[in-house]
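I have a structure I would like to understand better, so I am pasting it below and will then ask my questions one at a time.
Order of writing sets the chain letters: A, B, C, D and E. Residues in each chain are counted from 1.
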Amino acid sequence: MSRGTATLRRVLPMVGRRLALVVPLLAIVTLVAFSLVFLIPGDPAEKVAGEGATVAQVEAVRVDLGLDRPVWEQFGSFLLGLAQGDLGTSYTFKTPVLDMILARMPVTVSLTVVALAIALLIGIPAGVLAGRRAGRWEDRAVTVGSTIGLATPNYVLGLLLAMFFGVQLGWLPAAGYTPLAEGWWAWLSHLLLPGLALGLVAAAEIARQLRASLASVLQQDYVRTALAKGMSSRTIVWKHALKNALMPVVTVFGIQVGYLLGGTAVIETVFGIQGLGDFAVRAVLAGDLPAIQGMVVVTVGVTVLASLAVDLTYGYLNPRGEMQ
Amino acid sequence: APTDAADDAAVDTSAVLRYAASAGVTSFDPHKTRSQSDFVLLNLVYDRLVHQDVDGRAVPGLAESWEFSDDMTKLTFTLREGLTFGDGSPLDAEAVKANIDRAREPDSVSSTQLLAIAEVTAVDERTVELTLNEPGVHLVLIFSDLAGMIVNPAAFADAESLATQPDGLGRFTLTSQEPGSKYVLAATEDYWDEDALKLAGMEVSVQLDPQTNINALGSGQFECILVSPAMIEPAKQVPDAQVKARTVLTQTVFYPNQTKSEFGDPRVRRALNLAIDREAVLQAAQEGMGEAAKGLFPEDYYVPNEPVADLVTHDPDAARALLADAGLADGFEFTALTLSIPQFVTTAEVIKDQLAEVGVTMNIKALPPADMGVNFLRGEGDASITGWTGRPDPTMLFAAYFDDASPLNVSKAEPAGFAEALEAANAIEDEAERGEALAEVQRIVLEDGGVVPLTFNDVGTACNNSVVGYEPTVVGISEFRGVGITK
Amino acid sequence: MTSGLTPEPVTRAVDAVEAAGAAPAGPSKARRSSRSPRREFLRRVARPWVNRFALAVLLLWAFVALLAPWLAPVDPIAQDLTARRLPPLSDGHLLGTDSLGRDTLSRLMYGARVAAQAALTSVAVGLLFGVPPGLVAGLLRGWWDAVLSRVADALLSFPPLLLALAIVGVMGPNLTNAMLAIGVVFVPRFYRVTRAATLAIREETYIEASRSIGTPTSWVLRHHVVPNVVSPLAVQISLALGFAILAESSLSFLGLGVQPPAASWGSMLAEGRAAWFYTSWPVIVPAVTIVTCVLACNVLGDGIADSVGRDAGKGR
Amino acid sequence: MGETLLSVKDLSVEFRVGGSWTPVVTDVSFDVARGQVVGLVGESGSGKSVSCFSVLRLLDQRVGRVARGSIEFKGRDLVTLDDRALSDVRGNEIGMIFQEPMTSLNPAFTVGMQIAEVVRRHRGGSRSAARQRAVEVLDMVGIPRAAQRIHQYPHEFSGGMRQRVMIAMALAVEPDLLIADEPTTALDVTIQAQILDLLREFAADLGMGVALVTHDLGVVADICDDVVVMYAGQVVEHAECFDLFARPRHPYTAALMGSMPQVDGRGGETVIPGHPPLPTEYPAGCRFAPRCAHVRPACEAAPIPLLPTVTGSSRCIRVDELALTPSRPAAEVAP
Amino acid sequence: MSTSQPLLQVRGLTVGYGRRLGRSSPVVRGIDLDVQRGEVLAIVGESGSGKSTAVRGIAQLLPATAGTVRFDGQDLTSLSRRELRAKRRDLQMIFQDPYSSLDPAMRILDSVGEPLRVHTSMDARERRTTVVEMLQAVGLREEHADRYPQEFSGGQRQRIAIARALILRPQLLIADEAVSALDVSTQNQVLRLLEDLIAELGIACLFITHDLGVVRDIADRVAVMYLGTVVEVGPTDEVFARPQHPYTQALLSAALIADPVVQRQRRRTKLEGDLPDPTNPPAGCLFHTRCPLVVDRCRTEVPLQRRSGGADVACHLVEPDPDADHDPADPETQETSA
C-alpha cells in the first residue's frame, strides 16, 4: 500500500459522504430559492408588464410567465427546468437566465480567483509571520492591520483604490474588464484593483486565523518533539506546523469564497465590472425574479463546490478524516 | 447635420467607440418593448421613417419626404429608394405598412400614440398613405420615435427572437451582447447616409454607477460616457476629456395622484406649484446644471411658457392662501414615491423641506426604477417625484399624462377642454403657430394643477478629446450620428 | 439506615482531615473575595486597554444612538442650501455639511440609531431562530440534529450579502427588510455555535454528574447548559454586531436600506460619494465612523474569545 | 558504570510569572553515565520536566530561561552552545521521549515519515534507506507488521503503541543519552511493564544513558540505578536506588513512600498534609518544612544546603539524627 | 428482607454506545456484580476495559441493552423516569476528572446544594446550612461555599465532589476513578477522607480504579474487568494473594512495588499486544489473544464464572471448588437462596 492510495482511500469515502450531504442541501436551497416567489409583495406580472400596461397586457404576461398556474405546478416546472439546466427566462431581458449567468461567469470567476490569490499571497505569509513571532511587534503589526482590514467595508476600500491608483496616479484601470483572451496583462490589470478591494479583507481574515492557529500549533507537544529531533525551525514552521495550522484556515477559506461572491455585488458595481455580482444587483433592482432565483441557485452551487474542495483539502491535511 | 463636422481625413474609420450608457435593452422589438430607455440602443440598429436634428426638428429618415393633405385627413410618406434588409428583402411600402399596423396593435407600446391613424395604405412601392381620423401633425415626430422604427417584416413571425435579435436598417448591426450589460455593434456596410456613420462599430456598456463612469473615462475604458447633471462638473475635471451637454426636454416633475390624499382639489395642486422654489432644487439636486422649470418646456423651446408664468412660480404666501381656501390651513400629510437615484432622492428631500414651509408634510419612499412607476400606477403613494423623458413631440407628453385614456395617467382624469385644445394644436403645421396652440394646452393642464414641473436637466456626453462630431440633442438622447474618432 | 434530612455530624471525618492538617484556606494564590465566573470573565475581557477602548467606543455610540434626539446639535434633515458641503470645523457644523447643507454630525448621530437598530434587531432575529434549535440539536442529537443541521448548512451556503440582497430585492427595500435579511444570515451561524457549545458541554462530566443525581433535562438545560453557552455566543454576537453594521451600510449604500431623508451611515457614504468630486469629507466621515465602530465590535469579539479560550470564537 | 555523559550542575531555571522572573527550579545537579538509568522523582510541579527540557533548551524562551548553572554533555556546555550545533545534538546524541504519547506525535504525518525524517536529518541517506530504518526500529520496539504500519497516522495507534513509536524515533539514530519524561504515566500497568523492559534493554545493550523522569516510586524501584528526588524545584535527596529505599534520608522521601499504597498492602498509612507550594510562594528555609512531621525551628530559618550521605546527599539538616524507615509489606501478594 | 440480600445486584448487564445508524455495539457484556451494604467493591481493569461504561449502565446514565440492576430491591432498568429520578438520591457518584465534574458557572454552594434542590424541599437557608456542614465534613470551610470551582485545586475539588455525593446520605456511592487524577500526596488525603466517611455513614461503595495499590488499600472485594467482562471477582486479599485468572495474574505481576529488593525479584507475566477493539472482540474467551496459557478450548468456548477459593473466576483452566453449590451468574439461584 503506497501513501498515495492510502490518502485516496481515506479521502474517497469522505467525498461520497459529502456528496450524500449535498443532495438534501441543494434540495433545501432550491426550495428556498423558489420560495422567494412568496416574498414578493404585489404582482410580478404587473411589474414585468411594465409601467402603463393595460389589464389585458398584464394578463397576457401572467399567462406567458406561467404565473396563473397553481404554485405546486410552478415549483414542479421550476425543478424540472433546473434538472435540465434551465433557470428560466429573465423578466426584464427576455433571455434565458442561465445564458446570462454563464456569459458573466468568467468575469466573476476571474475576479474571485484574483481576489483569492491576493488573499492567499498576502494572508499566508502575514499569518505565518505573526504566528511565528506571536507577541512581538511583527505580530502586533499584522494583528492591527488585519483587524482594521476586517472592519473596512470593501466598497470603501474599492472607492479609495479606484480614486488613488486608478484616477489620481493612473497606474491601473479604475473600471471595466477585459477577457483573458485579449492578453493576460490587460486581464490582470483590470482585476488588480477590484481584486485588492475584495481580497484584502479575505487576506485579513486568513492572516488572523493562520496566526491564531499557528501560534497554538507551535505550542503543541509535537512541535516540541520535532525540536527535540533536531529539526530546523524553518522545517518545523513550514512543514510540521503549517500543515496542521492550515486546517482551520482552509475552513475559513471556504467561508471566504461565499463572502467574496457576496462582496462582488458591491465591488463590481463600484468598478463597473459586468459580472455576476453586478448582475445580482441589477436583478434585485429590477425585481427580476427568475434572475434572482438563478443567481441564488448558481452562487450556492459554486459555494457548495468550493466547500467540497475545502473538505477534500481538509481531508488531505487531516488524516483523521473528520469533517468540520 | 452636425455643426463641428469631423474632418474626414483625420477620422479613423476603423475605430470602435466605447460608450457607457445607463440602461440596457429590455427588448429589440421596437413595437413590443415596454421601456422608453430602450430607444438609445434601438436607434443604433433601427432607422426610423423620420429622423431628428439636434434641435428636435424632423428631418428625412427612411422616408425622403412627407406631406399632409390640405384638409389634414391624409399623411403621405415617400420612401428612400434602394434600401434592403439583411435578408435582401427591399424596404417598400408594404413593409412600412406592416410595421405601422403592427405598431398600432393594442399590445404595442406606441398604439396609444397612433390613435389618429384610421388606416394605412401602400399606394405604390415607395408611397405609404395614412388616413387620419383627426389632425395629425404630431405623427411626424412620433414616427421619429419607437413607432417609426422599421423592422424587417420577416422577423414578425418569430417575435420572441426579435426581442433579442434586432433586424432593421440602422447604422449598426448587433454582433454580440450580454443582455443588460454589454452590446457590441458593427457598422453597417454601405449605409445610406455616409455623413452619419464614421465608426467601425460601437460597444455600449451599461453602467450602474455614474461615479464609476467618470473613473473609467479617466482611466481610458470608454471614449464617451453619458453624463447626468450632477456628473457634469466632475466630468469636466477629467483630463483630456470634454463635456458636451445642453438643457434637454427631460424633466423632473412632481406628479400627484388626484384620487388620493388631498389632491382631488385643484386648489391644493395649484398651491403645490406655488410652494416650490425650483431654483433651490436645481442647485441642490443638479448642481445648477439645467433649468428651473417655468412650464413644461425649457426656455428656448418653441412652446412659450409666458402664459403659465403666474402658475409656475415660487410664492409661498399665495400657496398658503390657496391651501387655506381649500380648508387646509393646517396643512396635510402625504407620501411621495421617488426613484432610488441620488438626483431624485435629493430632489424629494429638498421638496419635502420646502413643503414643510407651507405646512404640508411629505413622506418619501424611494424605490428602484423598475418598481416605482408600476407601484405608483397601481395606487401606491399619493404622488411621485419622477423623471419624464424628453419626447420628440409635445403632444406625446400631454397625451401620455393627461389624456384620461392613457395608462400612464394615474388619476384617469382629464382637464376640461384639454382634448379640444390638443386637437387644434395638431392641426397646425407651422411651428410658431403650433407653439402658441400648444401653450394653450399647457395652460389648461397647469391651471388644473395636473403636474408640478420642477427642473429640466442638462444631459449630454463626456467624451475624450479624440471624439469628434458629437452634439447633444434637445430631446436628450444621444444618437451619435456623424460621430468619429480621430486617428 | 437513617433517612432523615438533618445531617448527622460527621465528626470523625472532620477530625481525620484536621489531623491530617488539610483544608488549606482556598487556593494557594490568596484572593480577597470570590468572583463569579461571569464577573471574572468580564474582568478579563476588560483588562487589555484595546478591549476597554473598544467597549468605550461601542458604549459611546450606543449612548449617542439612544440620545440622538437630545444630543444632535440640529435637526438631521434640516437643509441649508446656502451652506452645502462645508468642511469639518465650519461655523456651527463640527463635522461639516453634506450636499444639502445638512449637519453631518447630527446625521451621524441619527445614523447611529439606524446602525444600532439594524444591528440589534438582526442579532435578535439570529438569536431567536438560531439559539433554541442549536440547544435542541446539541442536547438531543439524533434526528433533530440531522434535520436542523442540514437546514443550517443550506442557509450557510448562501453567500451572506447575496442572501440579504435577494431578500431585500424581493421583499422591497426598507430598513425592516434589510434587518430581517441580515438576521437570516446570522441564524445558521448562531445555530452552529450554540450546537457546538452544547455538544461540548454535553460531554462535560458536570452534566453527567448533574444527571446522576436525578435532575430533569429542563433543569440541566437551564442551570448548566445555557450559562455555559453564553460566553462562546458572546463572541459571535459581538462579531455579528460588527457584521450587521457593515451589512446594513452596504445595503444602504446600494440604496436598499433606510429611506431618505433619514440618515444611515451607508446612505451617507453613498451620498457623499456622489459629491466626491467636490469634497471628500462626506465620504471620509461616515467611512471612518463605520470602520471604527466595526473595528470596536471585532476587537471586543476577539477580546471575549481570548477570555473564553482558544476554541470559542470559531466559525465566523 | 561507564563514563559520565551528562553532568548537570547547579541548574536554576526561571519563568516569567506576571511580568517578573520567578525561579522555578533551583540548584539542580545530577549526572548520567553510559548504561546508567537515573531516576528523577517528585510530585507534579516539582520541576522534573523543566529540568529535562533545559538540557536540550526546549523551554519557550519567551517565558522560561536558564538563569544559572551548566549542563555539560560529553564535555560541551549545552547552555552556551550555538543553535546550529545544538540542533545537531538534539535527536542525534540525545534523544527525548515525552509524557503525553497522544499529543507528542504530529497528527498530520505518517509515523514512518516522522521516524525517517530524523534519520535523514542526522544520518543523511536516501528516502528509502531512511524508511527502511524506520521499519527496523519499529520492529525493534515490538510493533507488529512494521512495514505496513509506517504508512499509518498516529491516530491509528493506541497510546502504548504511540509511546513505542516515540521510543523508536528517539532510538533510530542510536543516541548516547535518552531523556524520558514520564514515558509511562499515561499508560496502563501492563503496557508500562513493556515500555520499562524496552528501556532497560536499550540501556544495557546499547550502553545508553537514561534520565528517567517519573512520579512513581515503583518505576524507580524497578529500573533505576541512581535516584534524584525533587520537591518544589529542588533536589531534596540523591541516592543509589537500593540505598534510597532501604533507608530514605529525607523526610519527604520517606513520607512519599509511606503515602503510596502498594499492592502488597504497605503504604497508604502516611498522610502528607497540605500540598506543594507554588514557585511564587516557596518558603525561605526548607521548602518541605510546612508539611514535615519532623520540622524544627531551624528548618525554616535559612535555605538548607545539600548534605552528603553515604551514597548521595540530602537536603535535610536533621539527616544524621532522623532514623527514617520505609514501611514493610503488610499482606501477601502473588510473586 | 433478608440481610444477605445485596444492596446492589447486577445481573447480565450489557451496555453499549449507540452509533449514528442505530447499531449499538456493546462495550460491556453481561456482567454480574453484587455489592453488600457497607462494603467497598473495587473494579479494576485496563483503560478501555469498560469500567466507566459499566458504571454508567448501573447508574442508568446509559440504557442497558440487557440485564437487570437491582438496587435496594428494585430493578432500576424497569423504573419510569420519574421513579428513577427519585431513586437516584440513594445512589450517588463521583467522577474522575476533578476539573470538569463541577460546573464552572456555579458556586460551590449551588453545586453541592443541587441534590438538595432536586430531592428535598429545603429553603435556601436550610440548604446553606446543610451544605456548609457537609463542606466542613470534607475539610473545607464555610467561606468556600461562595467560591467557584476554578479557585480550587484538584484535591479540593474532589473533596467538593465527595461532599456533593454524600450530602443526601445515599446508600451507595459510585466513585469512578475518584483519585486517579490526583497527585501522590493528595491522592492519599482524599482516599483517607473517603474511607472515613463511608465507614462513618455505613455507605456501600463501588470504587473504580486502575491502580492496584489503591484497590488493596481500600476495597473489601475486587472485580477485575477485561474487555467488558468481569474475569475474576473475590475478596481483595484472596485475589491479590492468589490470583487465579491469567489476566489477573498478569495484571498483578505488572504492578510495581516501591521496593527494589522485592520488585527486582518478582516474576513478570508478559502480556503481548494491546487490548483488542472492544466493539469487535475475539471469539471464545476474550482474553485468549493475549493469554500466555491459552489452550484450544479458549478460542471457541466462552468460559463461565466458577467459584474457586473464595473468588469467582471466568477461566477454563480454573477448577471450580467441589462444594460450590451455586452459580452466581444465575439469578434464580440467588433469589431462592435469599
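Note that a residue touches a chain if its C-beta (ideal position, glycine included) is under 8 Å from a C-beta of that chain, and two chains touch if they have at least 3 such contacts.
These numbers come from a predicted model, not from an experiment.
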Target subunit C, source subunit A, minimum contact steps:
1
Joint neighbours (subunit A and subunit E) are C, D
Let me check something: if the centre of a chain is the mean of its CA atoms, which chain is farthest from subunit D?
B
What is the chain whose Cα centre is as far as it gets from that of subunit E?
B
Intercentroid distance (Cα basis), subunit E paired with subunit D, Å:
32
Taking each chain's centre as its mean C-alpha position, how far apart are subunit B and subunit E in Å?
91
How many angstrom lie between the centres of subunit A and subunit B, each centre taken as the mean Cα position?
41
Here the gap between subunit C and subunit E, centre to centre from mean Cα coordinates and rounded to Å, is 46
If you look at subunit E, which of its residues touch at least two other chains?
153, 189, 192
Junction residues of subunit B - those touching two or more other chains
368, 371
Which residues does subunit A have that touch at least 2 chains other than itself?
163, 269, 281, 284-285, 287
What residues of subunit E sit close enough to touch subunit C in their complex?
56, 59, 61, 84-89, 92-93, 95-97, 100-107, 111, 114-115, 118-120, 122, 130, 133-134, 136-141, 143-144, 146-148, 150-153, 156, 161, 164, 167-169, 171, 189, 192-193, 196-197, 200-202
For the complex, which residues does subunit A have touching subunit C?
21, 24-25, 28-29, 32, 36, 39-41, 147-148, 150-153, 155-156, 159, 163, 205, 212, 216, 248, 252, 255, 258-263, 265-266, 269, 280-281, 283-285, 287, 289, 292, 295-296, 299-300, 303-304, 307
So in the complex, which bits of subunit C are touching subunit E?
1-3, 5, 7-10, 12-14, 16-18, 20, 22-28, 31, 34-38, 40, 204-206, 208-216, 219, 223-224, 227-228
Quick one: in the complex, what on subunit B touches subunit C?
210-211, 214, 230, 233-234, 237, 280, 283-284, 340, 342, 345-346, 348-350, 352-353, 364-368, 371
Enumerate the contact residues on subunit B facing subunit A in the complex.
20, 24-27, 34-35, 106-107, 160, 163-164, 178-182, 205-209, 212-213, 215-216, 218-222, 368-371, 373-375, 377-378, 400, 406-408
